[in-house]
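Here the structure is laid out as structure tokens; the discussion comes afterwards.
Labels run A, B and C following the written order; every chain starts at residue 1.
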Amino acid sequence: MPQFQVDRRAVLGLGAAACAAPLAAAAAQFTASGMVWQANTSAFPTAVDLSAHYVFFTPDEAAFIEAACARLIPADATGPSAVQAGAPLFLDRQLAGEYGKGARLYMQGPFGKGTATQGYQARWPPAGFHRAAIKAIDEHLTRNGGAPFHRRAAADQDAFLKDLEAGKAELGGEVDGKAYFKLLLQNVMEGYFCDPIYGGNQGLAAWKMIGFPGARYDQRAYVLAYNQPYPLPPVGIGGRPAWSVKG
Amino acid sequence: MATKLPPVDAVLVGFGWTGAIMAQELTEAGLNVLALERGDWRDTPTDFSPAYAQDELRYYWRHELFQRLNHDTLTIRNKASETALPMRQLGSFLLGSGVGGAGVHWNGQVWRFLPSDFKARSHNLQRYGKAAIPDDMTIQDYPVTYDDLEPHFDKFEYLCGVSGKAGNLKGVIQPGGDPFEGPRQREYPNPPLDMPYGPTLFGKAAAELGRHPFPHPAANCSRPYTNPLGVQLGQCTYCGFCEKYACGNYSKASAQTTILPVLMRKPNFTLKTNSEVTKVNLSADGKTATGVTYIDDKGQAFEQPAELVILSAYILHNVRLLLLSGIGKPYDPATGQGVVGKNYAYQITSSVNVFFDDKILNPFVGAGALGTIINDFNGDNFDHSGLGFIGGGYVGVLQTGARPIETHNTPTGAPAWGAAWKTAIARDYLKTASVATHGAVMSHRGNYLDLDPTYKDALGRPLLRMTFDFTDNEHRMSDYLTDRAAEIAKAMGGREIKANPRKGSWDVVPYQTTHNTGGAIMGDDPKTSFTNRYLQSWDVPNLFVLGATAFPQNAGYNPTGTVAALTYYAADAIRTRYLKASHQPLVPA
Amino acid sequence: MRRPALGAAAAAVLLAALPARITAQQLAATPPVTPPVTPPAASAPVAPESPQVAQGRYLSILGDCEGCHDRPGGAPYSGGFPLPTPFGTIYSANLTQDRDTGIGAWSADDFWNAMHNGIRKDGAKLYPAFPYPYFTHITRAESDALYAYFKTIAPVSYRPPPNKLPFPLNIRLLVTFWNLLYFKPDNAPQATPAGGQHIVQGLGHCGACHTPKTFLGGDKAGHELEGGKLDNWFAPELTADPRRGLGAWSTPDVAEYLKTGRNMRANASASMADVIHFSTSHMTDADLAAIGDYLRGHPSHAAAPATPAPDPRVMAAGQAIYVDECAACHAVDGKAQPTYFPPLPGAAVTQSVDPTTLLRFILSGTQTVATDARPTPLSMPSYGWKLDDAQVAAVATYVRNSWGNAAPAVSPADVARLRRKVARTPVQKPSAAI
């Protein structure tokens, strides 16, 4: 088990200070200092509390996200679904933290729709975008007595997702459905393939599926091993089972 | 009220590659040098440790090593008729920040522009006539030649320990190297990196088609290396987390791994971090830079007098600082007059994927500049008659790693999600190669930089505004390169290929390259350039502007090698001539 | 090392001959406004000086005076460096010519009395944290040369803080008893240089760190240079032992290490960083070779430890960790990149019976010393945040027993004990603001 600090503030979804992103050090001056170094100090990542409860998603939002994850990356013989991999938990923690708040994004107004080439212009950071979009999707689907997304049949869900992807779902209000689908798919892929310290890719299952060896650093022995299967199992930043003394 | 500080001989604004190179050169000349960097101190064991460097989410998708746009970004639009909107999230290019700048997260691709690239205007005019250069294409000759820069390219390559194979040694073409390169005086300092399967398949197919493949020159050391400053770099371990990430074992060249161990020991060099320069200050007659004003992280302002002011930040920040400081005449695309912001250019890229059933390529093994390349279609290395464009680019398979969130090459017809996507990716991930093209962008009257009228940075200052699009020249050229790439891709013998040409207007979203160029270009004429051949401002002789701001147009190569060579060329002129006649123009106007 | 009972009778006089070092870098607080690492004052070339002063300057380099008498951010030789000993903190004296706070009022006899007998000008006993048991071996002429050199150090008014020693250790008189056990003034000192032995046993005072100590802090008789524990570091054997000492090194290896901070076998860091920075990197090649000859020929009387084959399950876990985490610098076969990243097979740090230094490197990382000849401080990152005690113990046991290495296994409890003392809370660098 790694010794990382688990950021309780992010887990509880509270306020400003961040997972791995409190504000940087104060201005410093270096003269004939050499390469400044401190023992026992590094910019290691903050692992996420993986206990199975949501801190950001409401129950309705979680239902939508879990159902969407199950269709975007379904379970089959090749590997787990995005739900089984932990993508919903991953996304929950991301939206509760600095990413959700858009801490690195430029969020000053005025906000405009933008051309097809001007990128993300939503007036919300990712957390707000998900929130507004899920709400708009729910209203769109349940208008006139329809079932919400998570209670529809798989084929029906796929059809809706395809419409959303193509920009054919008219959600009304400010939510750009096509832009939201892009964000959602991107986040689900992140949750499927990220390092498990963030909550997704649990058991390294997604990496095993494709054959990605994970957080390794020395591949010198394999550069010239043409057409040879890679012999080592994947490893995450938090390690792998073989690191523990067995028995 | 800014606190006035004691003067220094030279102040450098920004501390990435060009800042470190220039600081090392000027301190060797005995100057008292101060570098101001608005980002943080960063170094390998505490910030780039291989104990956690392999974190795709954190570094590529959450941008931990890059500039935070909430502090400063730019606005973008394709045409002047559109309203520029902020680039709210990094995409097309990944701005660096902190000590080492983008040189910390770059690939390590080190090229020399072709001799003809430096004379793009006169060379193309001479070979293809006036019709080859449309009226709105504002390309200009560089005021330097390849031969002027040759020793300085060499100096940078030896500083970094570039791993490669010479193709032209003093005019004699060498087997195994790039036969199209300009002549070099000596071999690369390190032999080429080991070549993985995918790039060798490309090389074999390219050679069968009569092209001239060779190993990409790499600032990823193929063996442990001690550079001419006595600084030690380690051997690259092909970790596959190179570009967009920082190197954990000292094997990718950066300011930290090549210069700083020596520079940071010198008593005549001072670095101040978290110190953002807000203005270059001028004398009343505007002809002398008196120093800079900067603020620290608490917002306190300082006035730093200096004899020599050097802008060594990223090209976009250099241009914005000139505009905000009122230095030089801002460019007006309507009249074509003015020079600051003029001739902004970029890079145009495309790719062709090759899917194999029977070959395990292990694409996750990689290094930033590891690959097999051909320059048969770069620059003017081929006859452009009748093609409708000038310029070119390199084509090749670069194997830099295959991080799984980023790498979803699926064949034509495969969807982007769902069961069919999953089947495709599980089947193809280990067996896919990508032939890339990397093409030049010519300057155009309508592609330029200025200050945005609406949006502001965190300090309340106008953002830079970028007006840019590819023109027909770039599209035709890129499509041509894509077709050439597809020919070779087919010949590699996979199950199928998929071409991904670059279509439509420049889109800020997908990552392409961080090769922004121009805006304070070098030239022979103060009416059409901001600096002379030594990167010295025509208007303010004690102001130098380093970086790709100098490029009058971009070539089909990654810019860093040429940026570094120009910096060494300027440093040499400062040391041997300028310091003896300080504040004097090195070139008569 | 057992702590003596405080307040105990008679024998309670301790005082560490343990000039344990914290490098200047390690003292730097965040944000890192760090002290200069410009060359030490002693090595700076100076306008014409007399041969005696020049000799004294070189002797001060041999003695590594600045290593203890410079403090970060202070003027050279003005003292105030806190030496952490197991008995408390002792602050080094001001050796500048200030008459009130320094040694400006001292005569050559006073200086000799301090160096030779461990007695201060006012007659008080010096604590053996000042290594007079070693300095007693220099000649009067050498002492006078040093005195002449120190006469050229400009006065700096600075009074070091009072020592932080608990009662009764703060009673200097008790040093008399310590001296009875552990100190005999050398009545026939020979001039330095006179072979490596005289440098090592005299001004070099290598044994102050590298010789094992009794519980009272005196050198263990008959075990010169067989390794010493201090301030949560283990200074390895400087003997001919091929595993735990320098037996496999050549004399040029030793000289290169001391001059440049690294060689084909090891990188210098931690407590040796200051020694190399202030002292050995400025020694003559002849003296370095003499030191090398002496140390390599110095036999070890330390008992070879029992090294039963370690638990294969621990080795398997250690290997998995090693391949995943260590190979990128140290290579799968441990051979690393000599003079860049140190090889592990055959290394003394790896095979010392006391694994403290190895474990501390893994937990906290370490920075190779930068010298003029080799300015790159290639560093090992810290793993204490990532590996738990069992994992650190496993990978340490693995490197200690692979590739021909043999050394006692490390237990998770060993790691836990050290972690509590030096790496309890890993410091997480925050994300940048811009």
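Quick notes on this structure:
The working rule: a residue touches a chain if its C-beta (ideal position, glycine included) is under 8 Å from a C-beta of that chain, and two chains touch if they have at least 3 such contacts.
Computed from a predicted model, the values in this text were never measured in an experiment.
Innermost chain of the displayed assembly, by C-alpha centre distance to the whole-protein C-alpha centre, is B. The greatest centre-to-centre distance from chain A, using averaged C-alpha positions, is reached by C. Annotation: A-B is the more contact-rich of the chain pairs A-C and A-B, by number of C-beta pairs in contact.
Centres computed as Cα averages put chain B at a distance of 46 Å from chain C.
Note on chain placement: the centre of chain A and the centre of chain C lie 48 Å apart, centres being C-alpha means.
If each chain is reduced to the centroid of its CA atoms, chain A and chain B end up 30 Å from each other. Contact of a single residue of chain A with at least two other chains is seen at positions 20, 24-38, 41-44, 215-218, 237. Contact of a single residue of chain B with at least two other chains is seen at positions 40-41, 45-47, 49-52, 64, 68, 235, 237, 239, 248-249, 261, 265, 267, 274, 297. In chain C, the residues that touch at least two other chains are 32, 36-38, 325, 327-328, 365, 367, 370, 377, 379, 381-382, 385-386, 429, 431-434. Listed in rising order, the residues of chain B touching chain A in the complex are 40-41, 43, 45-47, 49-58, 61-64, 68-70, 73, 76-78, 82-83, 85-89, 91, 193-197, 200, 235, 237-241, 248-249, 256, 260-261, 264-267, 269-275, 296-298, 359-360, 362, 364-365, 402-405, 408, 416-419, 421-423, 425-426, 429-430, 454-456, 504-509.
On the chain C side of its complex with chain B, the touching residues are 32, 36-38, 325, 327-329, 337, 339-341, 365, 367, 370, 373-383, 385-386, 429, 431-434. Interface of chain A with chain C (complex): residues 1-5, 18, 20-44, 46, 215-218, 221, 232, 235, 237-240, 242-247. Chain A contributes residues 20, 24-38, 41-45, 71-74, 76, 78-79, 99, 102-108, 110, 112, 114-121, 158, 161, 165, 185, 188-190, 193-195, 198, 206-207, 209-220, 222-230, 237 to its touches with chain B in the complex.
Partner chain A is touched in their complex by these residues of chain C: 25-26, 28, 30-38, 311, 313-314, 316-317, 320-321, 323-325, 327-328, 331-332, 363-367, 370, 377, 379, 381-382, 384-388, 390-391, 394, 422-423, 426-434.
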